Amino acid sequence: MLEWAVAAGKVAFSLFVLLNFVMVLTWAERKQSALMQDRIGANRASILGFTLLGLFHPIADAIKMVTKEDFVPQGASRALHTLAPFIALFFALISFAVIPLGDELAVGGCTISLQVIDLNVGILYVFAAMSLGVYGFVLAGWASGNNFSLLGALRASSQMISYEITIGATVVGLIMVFGTASLQTLVRRQGDLLLGFLPGWGVFYQPLGFLLFTTAAMAETKRAPFDLPEGESEIIGYFTEYSGIKFGMFLMTDFTETVVMAGLVVTLFFGGWQFPYLQPDGFHFPGAAVVSISPLAVSIAQVMTFLVKLAVFCWLFLLVRWTFPRFRYDQLMRLGWQMMLPLSILNVLVTGALLLLLHR
Amino acid sequence: MPTLTIDGQQVTVSKGATIMQAAEALGIYIPRYCYHPGLRVAGSCRMCLVEIEKAPKLDIACYRQAAEGMVVHTTTEPVKLARQSILEFLLSNHPLDCPVCDQSGECDLQNFYMEFGLYQSRFLENKIKRRKAFPIGRHVMLDNERCILCSRCVRFCEEVSRSHELGIVNRGDRSEIALREGSQLDNEYSGNVIDICPVGALTEREFRFQCRVWYLNRAASVCPGCSRGCNIELHYNVNRPHQSGGKRVLRLKPRFNAEVNKWWMCDEGRYGFEFIDAPSRLQDFEIRTAQRTVVASREQAVQTLSDWIGDSIDRHGSQSLGIFLSPKLSNEDLYGIGKFARHVGIDCLDFRNPSERPGYQDDFLIQADKNPNTRGCLELGLYRRSEDSGGWMAGEIQRGKVRVLIVFLQDLALAPEFQQVLGRLERLVFVGSNRNGTAEIASLVVPSATYAEKDGSFTNFEGRAQRFERAVVPLGSAVAEADLVASVAVSFGMQREEFERERLLSDLRREYPFFDQEALNPPELEWVYQTPIGQERL
Amino acid sequence: MSRPKDAMNRLRDPEALSFWQRTYVPEILRGLKLTAAHFFRNLLIHIFHLAGLWKDRRGAETVQYPEEVRGYSPRLRSLHRLTKRDDGSPRCVACMMCETICPARCIYIVATEHPDPNIEKRPASFDIDLGKCVFCGFCVEVCPEDAIRMDTHILNFAAYSRQEMVWDINRLLSNEPQRVEGIGEIRKVK
Amino acid sequence: MMEKILSRHFFNAEARKLSFYLNDGGYEAARNALTQMTPQQVADQVIRSNLRGLGGAGFPAGRKWSFIPKDSPNPRYLVVNCDESEPGTFKDRHILEWTPHSLLEGIIIAAYAIGASQCFIYTRGEYLHYARMLQAALDEACQAGFFGKNIWGTGFDLDVLIHLGAGAYICGEESALLESLEGKKGWPRLRPPFPAVSGLFGCPTIINNTETLSYIPAIIRYGGSWFAGLGTPQNGGLRLYSVSGHVKNPGVYELPLGTPLREIIYTHAGGIRQGRKLKAVIPGGSSTPVLRADEIDVRMDFDSLAAIGSLLGSAGIIVMDESTCLVKALAVLAKFYHHESCGQCTPCREGTGWMARILNRILDGQGVRDDLENLLRVAGNIRGTTICALGDAAAMPVFSFITKFRDEFESHVLQGRCLASK
C-alpha cells in the first residue's frame, strides 16, 4: 500500500514540477523575448486590476484554449485528429519520469528515491518515449487532411529521426565514461571530483558531446532555429488545422519537451541534482574542510539545485530560440547528417581511445 | 480634285473640300471648337490654325479650301504655339470649375489642354464673372462663364432647328450667349446643343449631377421613340449605382448616321428612356385568378402558358388562340413569335392597336408613327391584310372564336373595341415591360426586357433594318420575348435552337430582302459630339 | 568587431573563413551574448524601476498604447474629415475625384444642386466605408477643393458592426483637426 | 503753289451748298464721265491716278473696282465707308461738314464705273450731325436731278442711302460694315469670298472710303496723271492729314503724299505746344506703330512708312510731347481696343481684355516683372491669328510702344515711377 502511495506521490510531485515549469515557460518565453528585444511583453491579463508582471497570462491562455471552438476540418480523420495531440503530449510527459530530481530521501526509516522510476536503461527509455512522440506529430499532420499539415508532419518526423541519432551517439560517450545507462547512477557518479577540485560533471568529460547533445536537443524540441515543422511564415506546420485545447496541447508538448530536454542536459552533463562539494552528510570542500548538514536539508538543497539548473537551461533554450534565425531545410539536414553525426561518432571513438589509454 | 500634302502625306480630295476634311481623310486630327461638320463654318475659335507653306500667316483648316499642291503642316512649332495660345486665351476667362462641371470628362477644353496645352498659367488678372447655371429651356442649362463663344449652339438654332432662339449679345469679352427676348430654348431638338457644346456651358438639366461621365458605359442602340429610328448611344451607369439613385440608363446621345439622323436626335426621343428604369416596370411573373395574384417562377409561368395554349388547341383548335403583337417589338422577337404561331397554326395575329393615333410630325426627324418597328411588322406580314385595323380581333373575341389572347406590350384596355370584350376571354396573357391597363386584368403577366436589355433590330419607316445592342441586364425576372416563346415552343415539339439569335438572324436574312446584311453589321460607337482625343484618355 | 562589409565579403567566400568562423561557434556565442546583454540590462532596469529608481531610462522601446501615445506627425494619415465653409456647410462640391481615385472604392457620394449657382454642386450624401478604406490618402491628394483631409489623428474608430464603420457626412464634418505638437514624444494619456 | 482740292473751302459754310459747288465747277466731272466716258475709261483714269485707298489699307482704288466679276447676275452695290472711328482721325468728318458734294459727285462717278445703281453711305452714329448735313446736300443734289432715275438722260440710275451705324469701331472693317448694313451684328466675315465677289446681301460690292471717293471728281476733271504727279511715285495725289495732340495748331491738312512728317508737325501744325520737346508720334491712326522723336524725318506715304516698320493708315497723326506718360497712353489705346473688340474670334476677344488689364495694373503700380514679356507675348499671340485686322491693330501699338519706349515701361513696372516730365 505504502509503495503505491509513494509511487503516486512521486508521480504527482514530478508532474507538479514539470507542469509548473511548462506553465511558467509560456509566460517566460514572452517576457524573456520581450526583454531581449527591448519590449515589455505580456502584461495585460489582470485579476481585479492586478497584472502581476503578466503572470496571469498562462491562466488566461488556458481559459481561452479550453473555451475556443474545437474545429475538425472536413476531410480530416476525426478520431486520429483528436488522438494526435494526446499522443504527442503523453510521450513528452512520461519521458520526464526517469529524470532524477534528487538523491534518496530518508523519511521515517524508509528511503524514497526522488525519481519516479529508476530504470537501469533510463536513457533508452527517454529515447523510446521521444521516438514514440513523433507519432503524435505525424498523425496530426496526416489526419488533418491538409497538404501543409502533412508537409509539416513529414518535416517533423525526418528532423526528429535525424537528430535522435546524434543524441544517441553523443550519449554513448557519456555511458562509456560513467559506465551506466541509469540516470540516477549517472548523476551519483558525477558527484565525484575531477582532478580533486572540479565537480565531476559530464560536461567536463564530454565537452563536444555536450555541445552536440544540446544542439540536437534543441532540434528535438522543434523550436527556432529548428522550427521547420512549424514554419510560421511558410507552411504553418502539422497543427495548421488545430484549434482550441488540442492546439494548446501541441503548444504544451513543445514546452514540455523543452523542459525535458533541459532536464536531460542537466542530468547528463551538469550533474543533475549535484551541488558542488555537497555530499549526503554535508559539504566536503577541497582541502578537507567539512560542513555537516542534516540529510533532509541536503535533499531539499539537491532538489533546489536541480530546479535551478533546469531553469537556467530553459532560459538558455529560450535565449537561443529568440536569437537565431531559422535554418533552411536542406541546411538542417546537412547539419544533422554531415556535421553532427560524424562529430558524435568521432566523439565516441576519441572517448573510447582515451578510456583505453587511461585504463591500460 | 486637288492633291495636297499634309504632314508629309499626300491626299486627293474633292473640289471645295477644306484642309480639315483632307486631314480627317488622312486620320490627322486637327483640334477645333467652333467647327462642326453639321453646321456652317464660323472660323471664330482659331483653334484649327495650321501652317500652309508660302502663306504669310497661319490659316484656319476648317475654312481654307484645299488647293492643288498645297503643303500643310499641323505639328510644327508655330502651330503648336498657336494652339497653346488659343487655349490660353480661352482659359483666361474660363472658370476652373471642372469639379462641378458636368462636362468634365468629355470636355474639349480639358482634352485639348491636356493634349496641346499644358503650360503654366500666366494669367494674373481676375476672371470675368458672368451668370452661372440658369435654365434656358426645359432641358438645357446655361453657364455663361464657361462659354467659349464657339457659336455652335447659335448656328444649330439657326440652321438645323431653324428656331433662332439663341444669339450672342454684347461684344468683346463681354459677349455672351443669350436667348432671344421672350423666348425659351424649347424647340423639338434643343437637346442637341448640349451635345455640340464643346465645353460645359450648355448642360443637360435631366442628367445634371446624376453621374460623372467617366463612370458611364456606352452601348450602340436605335431610338424606339418613332419610326425614324435615329441611331443613338445608351449611356448607362452600372458601376456606381448609388450616384444615380439606382437608375441605370442615364442619357441617350445621337450616333452619327449620314442617312438617318446625321448628328442629331429629337428631344422626345432623347428623354423617352425613363420607362427602362421606371417604377412601373414589371419584374415578376404573375398568375392571377379571381381571388388573388401570385408571383410565379419562370418555369411555372412557362408551364402555365404552355398548358393554356395546349388546352385551348385541344378543346377548340388553334383558331381559338389570338396573338396581339406590338410594333415596339424587335424584328427577331416578331419573327420568333411568328415562327411559333405558324408551327401551332395560329393565324389570328395583328399588331395595329385601334386606339393609337398618329402623333406629331415634322419635316426633319420626327415621324408621326411613334413605333420603332411598324415597318418590320408589315414586312413580316404579321397582320390580317384584309382588315384596316387590328380591331377585327375584338369581333373574333366577341363571337367567342378567340378564347385565349396573348398581348405583347400593347394596352388593349385603352381601345374601346376591346374594352368590352376582353372580359369574355378565357385567358388573357400579357407580355410587356411596363405595367398598364391590360396587365392589370391579365390572368398571366410576363415581364419582358426593354430594348436596352436585349440585342435586336428595328426596321425604320424607310425599310432600313438597324441593329441595337444590349446595354444592361433585364430587370428582375424579365425575359426577351423570343426567349419566352422559345421556352413555350419546346413544349410543342420545337427545338430551342430554332429561336437562337443567330438562327433567327439567318432565317430572317434568307426570307426577307429588307433585312440586309449591311444594316445589321454590329454598330460601331462613334463619339460624334466629342473629340477622339478625349476618348483615348477615358 | 569586423566591419559589416568585411563580414559580407567573407560570407560570400567560405574559403576565406577561418576554422573557428566556419564552425560558427564563436559567432553563435557572440549572438547569444548580444541578446543576453539586452536581456540582463533590461531586467536590471525593470528591477530598478520597481524600486523606484532610474525612472528616466526606459526598459523598453515600445509605447504602451493606449496608456501612452506618441505625438503624431502632421503627415500621419488618420481618420478623414470634411472641411467646412465659413457658414458651416461642407466645402465639398461632389466632384467625385476622391471617389474616382479611391483604390478601395470606399467613398460613396451622391451629388445634388447647391442653391448658390456659384457653388453649384454639393454632396447630398458623402459616405466613407472605413471598413474598406486603406488610408492611402489619395482622396486628400486629389481633392481640388481641399474639402477632405486626414489630419484628425483619430485612429480608434473601430465599431461592432460594418454599418457603424460607414461614416456619413455629418460625422465626417464633425471631426476636428488635431493640433500637432511634440512629434514623436511619448505622452501618458490620462 | 501747293494745290488744294478738298480743303479749299473748309470752314466756309457756304461751300456745302449745291449752288456754291456748282459755281466751282461741281458735278461737271460726273456729267462728263456719264455722258462722254465708258465705265472702263473712268476706271482707267483712276488707275492712272495712283489713288490708293485712303481709309488705311492703301489698296489701289482703281484695281479694287476691277475685281467685280463681269458675269455676275446679281446687282452691284457701292458702299461708302464713312465709319471713321480710328482714334486720331477726323478727315471724313471735314468732308461731310464742308464739302459733301465732292463725296456725292465721287459716288456718281464710282457707281457709274462699277455699274452700281445703289449706293450705301455707312456713317457712324456719332456723326449724326454731319450725316444730316450730308443728307441735306444729297437732297439738294437729288432735287437737281443728279441722283435717281435716268441721270442726265444717260439711262444711268443711282440711289443713295445714308445708313447710321451704332458707333462700333469694328464696323469700319469692310465685312463687318456689310454685316451691320445687312442688319446683323457687326462681325467681320471670313475671306474669301471678298466683297467685290460676294459682299452686301451676297452681291458684288465695292467699298470705298469717303476720302477716296471725294478725290475722284478732281481726278476725272483734271486727269489721272495730273493727280498722280502731285505725290510721290506709287503714292499718287494729295491726302488729308488729321493732326492732333500736343501741337500748336491741330487740324486737318491737305498735303501731297510723301510730305515729311517733320514738316507736317513743325511747319503746318505749328510745332509742339508750349515749347516742349517731342516724344512720340503715331503717324496713321491709333493702330499704327508709334514713332520716336528721332524718326519723324520720314516721308508720309504708304511705302516710306512701311519701310521703317510703321504704317500710314488713315493719316491720323497723334503727337505726344515729353509730358505724356506712354504707359498711360498705351493703356488708353488698349482700353479702346478692348472695348471695341467684336468678340467673334478668340485671340482678340480674350487678348485685348488681357492686355488692357495688365496695363491698368501697371498704371496702378501693381506691375510684376513678367508683365512686359507677357504683354509682348499676348500681343504676339493675337497678331496674325484673327479673322480681321483689329487683332493686329490692337497688337501693333503694344509692340511698338514697349519696344521703342521700354525704359519708360520698365520704370513703371519695376520702380512704380513715371518718366514723363510733369
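Letters A, B, C and D mark the chains as written, and numbering starts fresh at 1 in each.
Just so it is clear, contacts are C-beta pairs under 8 Å (C-beta built on N, C-alpha and C of every residue); 3 or more make two chains touch, one makes a residue touch a chain.
Note that the structure is predicted; figures quoted are calculated from it, not measured.
> Could you grab the centroid distance between chain C and chain D? Build each centroid from C-alpha atoms only and quote it in angstrom.
Each chain's C-alpha centroid was found; their separation is 75 Å.
> Rounded to the nearest whole Å, what is the centre-to-centre distance of chain A and chain D, using the mean of the C-alpha atoms as each centre?
Computed from C-alpha means, the inter-chain centre distance equals 115 Å.
> Could you grab the centroid distance between chain A and chain C? Build each centroid from C-alpha atoms only and quote it in angstrom.
Taking the mean C-alpha position of each chain, the two centres sit 43 Å apart.
> Between chain B and chain C, tell me the centre distance in angstrom, where each centre is the average of that chain's C-alpha atoms.
Using C-alpha averages as centres, the distance is 51 Å.
> Listing for chain D: what residues touch at least two other chains?
In chain D, nothing touches at least two other chains.
> Could you tell me which shape the graph of touching chains takes: line, ring, star, complete or other?
Graph shape, chains as nodes and touching pairs as edges: a line.
> Write out all the pairs of touching chains, ordered by chain label.
Result of the pairwise touch check is A-C, B-C, B-D.
> Give the list of chain A residues in touch with chain C in this complex.
32, 34-40, 211, 319-320, 322-324
> What residues on chain B touch chain D, complex-wise?
41, 43-47, 49, 56-58, 63, 81-82, 85-86, 88-90, 92-93, 122-126, 128, 148-149, 167-168, 170-175
> Report the residues of chain D in contact with chain B in the complex, numbered from low to high.
Counting only chain D, the residues touching chain B are 168, 170, 185, 190, 338-347, 349-354, 357-358, 361, 368, 370, 374, 377, 381, 384-387.
> In their shared complex, at which residues does chain C touch chain A?
It is residues 25, 28, 31-32, 34-36, 38-39, 42-43, 46, 59-62, 64 of chain C that touch chain A.
> Tell me, which parts of chain C touch chain B in their complex?
It comes out as residues 93-97, 99-100, 108-113, 117-121, 144-145.
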